[in-house]
């Protein structure tokens, strides 16, 4: 199976941020995302989500450039104030052009 | 901790496909799968799921042979018509024989 | 983007174990976890969860030491009796100190 | 009351206004959504409630009373896809897969449109034949089967698509099962057994339907973005065909001797297009068909049209044909 | 009416038929499922409703009236696991963990079976003691504790299993809490306060139970595949023991002077096997026990048996022992 | 009855006791939770039900009757954040962001506290003005807007925070939409149309509210761990300000000629603090504000205070001011 290597960025954030965060993700050049409902515990645990479910977990397949841009955006705009956690890995996909994005 | 390396294939697909897709996954030689409900946005956004939730996200631990067979099956039978996205990575597990499968 | 490498351990287990398992994860030195509801099929399929949803899927970002400790704990205490599956991978995060934990 | 008066009264019912509120929510980009598990449970409740009530009525009738209407419903369900398919292919210039997909939707029926017709009749005190829910159950699947046969003839079945499996799935799907199961249970327990569950399955019906329609308004309005993709031909089709099918259903109902209420129900069933069972089956059997066509036509155009203008129209027609006021 | 007539009437109630419809859905490989959050909410509702209603009744009685029945229920709950365990080990040749696990289920009780008994009595106009829901609450946990003690004696506790924690969890688990809390609230607010919430907690009860039983039918039928694993001994156990416990419960009820309704309730409680609280506790405390045994026996065999044939049997017995028709 | 008698009767209502049961569940570390989708659906139901009922009442009044009360409600909502902010900054020594965040919560209103006031009045047979739900809708947003303006003046807006967007989101948020939509639908369909959905939207109201309060008790008690973080000043603020606002609301109500019931409602609205709309808006607009302050104060202190002691107090005051017993 011929595959190409792309980045997979996973972001966990307070549910109240979901709409804004997905907009920011697409604005940063990603071509799509997959979102699941989640809950969790962390080291800060400061949130306003009591009444609104808990976290969302968002995965983004993207080229390395867009992936780095995403991490940078998160570190600059979101980490300081919100309960947001993110990580990036490398995966193989069959049709890489789909995720090249605008980054 | 002694571990062995196996493949982890993740598939995101329209919810209406869930039953068929999991059957196809087991038929391709996987020994199991884990499914979570998800939603998302992508570049095609052509789906019939309006009334039936949105996506499912399926993870399959498998040997590299089965993993490649899965990706090939997806590329051949599913990508052309359905809103399906998939990626593969490499992970370590404690008891590898469990996932060797029939591939 | 300057990142550091940490381990990402993913555990899938019967839902009835959720509380206990997350306690054990924090006790093993992890600083947090993210949990999503899941369901699945596997090679054992022996569970008591009929009436209580199905599985949970727990992700833990941790240093390699804690990650190995987690896998060892699972292999010793949980794999023998429960429907538990786990894998570990390597990912990049922006602020690694958050996940160093006590391991 | 004139047709317009009736239409106005219908438009200003809580049911229709909840549907409109849902649509408005989408236009205002509100986050209002009825949570999916609750929406799902509501649809189970509605199907079971329709079935139970119909079953209780059914238990009072001799089986023979049901033969002719059953056959008429079956005939309508199987005939409608034929001309829909032909029209879409020949005049609309759609491919075989898309034409068959749309035909499947219009051959099948919409349970909520049916329920709105019942509520409409109840509100105006018009009686209808007790076996009406059975007609709904009968008309769910055959139109889809016929449309798949047309697709096969047109060479559009194959690949991953699997029409047989798809048909098996809707036959054992929850809506047919709950309707048929409810009918059976209702017929077996009769009036006395039904009395114990009436507070849930009868008294709550209209209110529950309001919440269901709220979410349907959201879903339908969410499809409005696809309006451009649909094109003028299909948009016209989605309004004109319901009217033609409604007229046909009322006429057939008259021919077999149904009451004004029964004619209205049969007209509504014929006019309605499925947007739950058919989309799932079509997605599996005809993956190459574009959901932007069939879902938008049935859910965003035909469904609201029937709900608002169609119902009073079919009812007025039925009263006119019966020689009433 | 003869026992057979009663059994037939019971079988043809909406409750039982909804259970059957759920089972049928599994056999037809339908996708019908009551969504988990709704099923969960239904179980909260049912427990709270049972508790509230019992509490209102309780508030009318002197506390002394409750002492003897409470002790009887406690005694039954604690005694039943003793012979179950012995029988399973000695005759059935089960290991200590499996025997204790099954014993825990039969020592505890099934709330839905209790509720079906109440519905059964209501339908036939048979009165029963108002504190019946308190008996249900009392019998939930002790049998499980005794079974864990037996497992410890048999050397089957240890490793990750933690019986103390497991018992703490069911004691503070939602079913005990809602039952006990409901009883208290009902007793405090009395008839007048209850009137304000009666449309929800009383009028909707039977209908809500129908939907709950629909899903229980699905879950029970889903266990039928494990039937082979269970083996003939355990399958027999799952039918014979409920009958013996039912007889014992009715007899104890008679000895302490309960009414026909009260005897029926106590017999049903003794005969019933837990399939919600006990499985979770057992899974945590006795991980090496096989859920294929205890869940299949209690959910797929004993539960439907009690619902269909057990109830009329225990009731007929109670009427016979009381010298009635 | 004296104020204490009234408070006692209020405390022992099913609503309050269900709230207490939820809180108890947390203290006992029980796993009891109303599943989120169901809780969500309950809140949709409650908002729509409040709106519908209010709309039906509204349809009976001349629009002019509503002008003065509407302006009074608007004025209260906009004024309250002013002194709250000043007090928190000057006396409480809070930063601009935290002060504005708390002020936003007390300027806005709590729908469930409103509903509890209505239930309280209904239980004691006290009539109130039919447009009360419209006052609730009016007071939801303005206080938040004023608080954001204060934050901007204090230099606390900026960065990712976006007050305009946050305000747009609550304006089109589901609670405003359902309230306003319900009012409109109720006014349009009137008594006759409402009758068809009354079994759901009126008869079930109190029972549904019980289940909602059960979960609110769980959520409020879950915040008790943050009690230390709140500090004595904010804890005092969360009890004293509601009383002052309650007195003010009752006085304003008297000044514009409201009935005893109307005064109680306006007092309760002024006294209540939002814990659904405001937290979401504040989290987005003022990310640097600490939820440990504003959520704990409004949800874990002010809400239970108003529910238990506040309501009877504002009602007694209203009766006293009106010269009643």
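Every chain is named by a letter (A, B, C, D, E and F) in the order it is written, and numbering of its residues begins at 1.
Please note the rule applied: a contact is a pair of C-beta atoms (placed from the backbone, for glycine too) under 8 Å apart; a residue touches a chain by one contact, two chains touch by 3 or more.
Every value quoted in this text rests on a predicted model; they were computed, and no experiment measured them.
Colleague: Would you mind naming the chains that touch chain C and likewise touch chain F?
Modeller: A, E
Colleague: So which chains count as neighbours of both chain B and chain C?
Modeller: Chains in contact with chain B as well as chain C: A.
Colleague: Quick one: point me to the chain whose Cα centre is farthest from that of chain E.
Modeller: A
Colleague: Angle of the rotation mapping chain A onto its copy chain B, from a C-alpha fit, rounded to a multiple of 5 degrees, please.
Modeller: Chain A sits rotated relative to chain B by 120 degrees.
Colleague: Just how far, in Å, is the C-alpha centre of chain D from the one of chain B?
Modeller: Measuring from centre to centre gives 35 Å for this pair.
Colleague: Find the geometric centre of each of chain B and chain E from their Cα atoms only, then give the gap between the two centres in Å, rounded to an integer.
Modeller: 41
Colleague: Give me the residue numbers in chain A that touch at least two other chains, ranges are fine.
Modeller: 36-37, 89
Colleague: What are the residue numbers in chain E that touch two or more other chains?
Modeller: 31, 35-38, 199, 204
Colleague: I'd like to see which chains touch which, written out pair by pair.
Modeller: Here the touching pairs of chains are A-B, A-C, A-F, B-C, B-D, C-E, D-E, D-F, E-F.
Colleague: Using the touch definition from the top, list the residues of chain B that touch chain A in their complex.
Modeller: 10, 12, 36-43, 55, 57, 68, 71-72, 74-75, 79, 85-89
Colleague: Quick check on the complex: what are the chain E residues that touch chain F?
Modeller: For this pair, the touching residues of chain E are 35-38, 40-41, 44-45, 48, 52, 169, 172-174, 177-178, 181, 184-185, 188-189, 193-194, 196-201, 204.
Colleague: Once bound in the complex, which stretches of chain B touch chain D?
Modeller: So the residues of chain B in touch with chain D come to 14, 16-17, 20, 46-53, 77-78, 80-82.
Colleague: So in the complex, the part of chain B that touches chain C is made up of which residues?
Modeller: These residues of chain B touch chain C: 1, 3, 6, 8, 22, 26, 31-37, 61, 89-95, 98.
Colleague: Along chain E, where are the residues that touch chain C in the complex?
Modeller: On the chain E side, the touching residues are 36, 159-161, 165, 219, 222-223, 275-276, 279-280, 282-284, 287-288, 290-292, 294-295, 299.
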